[in-house]
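Look for chain A in each of the two complexes below; its partner is chain B in the first and chain C in the second.
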Partner chain A sequence: MWKVKLFFLVFALVGGMGGIFYVKNLQSQLQISEMNNAKLNEGIELQKELLIQKENDFKAITEANNNLLETNTQLQADNRALDQKFNKINASGKQRDIGNLAVQKPRSVESILNKQAVERTRCFEIAQGSPLTEDEINATKKSQINSECTSQANPNYVGY
Partner chain B sequence: MRKLLTPILLVLVMSGCSSMGVKPLEIFTTEVEREKLNLPLPPVETMEKVRIIVVTSKNQEEVFAKLVKDNIDPAIIGYTDEDWELVQKNSQRSRQQIIRLRRIIEEYKKYYEATIDEAPEEVKKQFSISSLFTSESSEESE
Partner chain C sequence: MTETYKVIIDILEKHFGTDTQITDQSHMIDDLNGDDFDVVDVVCQIEEALEISIPEEETMGLQTVQELISVVSAHVES
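Up next is the complex of A and B:
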């Protein structure tokens, strides 16, 4: 009889131990699962941050490209203006010829060319990043502007 | 008892502490931000003022006489009117290229460094092209 009792006692003990181990195992599994969930949430947050970062980068790149495009458009317009300046039609309907003008009025042409040379020198300084003077910023009349690089030197001048 | 203890001790000595369990190594990776290059943009070069002289077949004698009077060698290095137009176009192209390159550098700096730093004085001196001609300028001024 005592053998049967011992058997049940051992069975109960083993069963109890098994139950405890089972619960412990479940708890550790649950803990791992919670940790995994936390990691996944962290990953999702990081992905969200990455997406925002990518979006901001894309905006910055687009803005930089637009700025460069705007500069190029302005410079192309300046080139066309220079071409037109050389091929200007004068009051008598003839194409302007600086050589002919120089023969007719060398002093006047010399004076104009020297004025242009000074303006061109200033244009090089502005191109290098020299800040504009107040006179340059406030120039709105044709007599006040730098005719060599008006778009860079006189932002408030509106040509007509 | 001794017969039992000896092999147990032997096994323990041979296995060392492996039976006590080894803790796994934890490797940490920390992102270290790359140092910013932060090169300053070069300072503005002050350009020399040049004098343009118009020489025609009619006024050449007058022009050369004036040069001699001003103690300047009576030689003109010049352009024809058509070449003068080309020189102006070339000059505009060079200037525009400076503007484009500078704008690109500024955009790069804005994108990667967020701020555009003003060059310190020592760096400005290092970058200055004018310093190459200072001996000539000082001679001229003297």
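Up next is the complex of A and C:
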């Protein structure tokens, strides 16, 4: 009889130990799962931040692209104006001959070219971030503008 | 209206066109849509038409038709 009791006692002890190990194992797995879950949540938050950052970058790139297009359009207009300056055709259909003018009026042409060189230097200054002067901002007449980069130097000038 | 005046206006009209009425007060750059080279060009044409020669220092900085007429007239009459 005592053997049967011993058997049940040993069985109960082994069963209890097994149960304890089983619960401990479950707790350990639960802890690991919670840690994994926390890492996943961190990852999701990080991905959300990256997504927002990407959206912001995309907006900035689009804006920069639009600015470049606008600058390009302005530069093309300036380029056309420069081209017209040297190849201008008057109302009678006669094309300007700068060379001939330079022969007849060398000092006048030199003076004009020097003035344009000064204006061109100013264009570089503006392109490098120099603020516009009051005169440049307020220029509304053709005789007041910087003819080398009007769109950048004289924002209030409207061409004829 | 003198002959000189007529010649000057005729040259200005041929050069700048007749879309804008040319008066003595017209500014060759602002009103007639010209530039500095146009002013030099016009002076050369006037010199050729009137067979005169105007020193460059007198024509540099000319802006209005009135100023142009004054300078040219001084040399035609002299």
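Just so it is clear, the second predicted complex is superposed on the first by the 132 of 160 C-alpha atoms of A that agree within 3 Å, B and C clash if a C-alpha of one lies under 4 Å from a C-alpha of the other, contacts with A are read in each partner's own complex, and residues count from 1 in each chain.
Here, a contact is a pair of C-beta atoms (placed from the backbone, for glycine too) under 8 Å apart; a residue touches a chain by one contact, two chains touch by 3 or more.
The structure displayed is predicted, hence computed values, not measured ones.
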item	value
Partner chain in contact with A:V23 - chain B first, chain C second, else both or neither	neither
First, second, both or neither for A:E125, with chain B first and chain C second	first
Between chain B and chain C, more extensive residue contact with chain A	B
Partner chain(s) touched by A:S92 [first = chain B, second = chain C, both, neither]	second
Chain B versus chain C as contact partner of A:A60, first or second or both or neither	first
Touched partner set for A:V109, first chain B, second chain C, both or neither	both
Contacts of A:A12 with chain B and chain C, given as first, second, both or neither	neither
First (chain B), second (chain C), both or neither touched by A:S143	second
Footprint overlap on chain A, comparing chain B with chain C	98, 100, 106-107, 109
Footprint of chain A on chain B - complex, ascending	41-42, 44-59, 80-82, 84-85, 88-89, 91-92, 95-96, 98-100, 102-104, 107, 110-111
Chain A - residues contacting chain B, complex	60-61, 64, 67-68, 71-72, 75, 78-79, 82, 86, 97-100, 102-103, 106-107, 109-110, 113-114, 117-118, 120-121, 123-125, 127-130, 149, 152
Touch list for chain C against partner chain A, complex	13-18, 27, 29-30, 33, 35-38, 40-41, 43-44, 56-57, 59-60, 63
Parts of chain A lying in touch with chain C, wherever the complex brings them together	85, 88, 90-92, 96, 98, 100-101, 104-109, 111-112, 115, 141-143, 147, 160
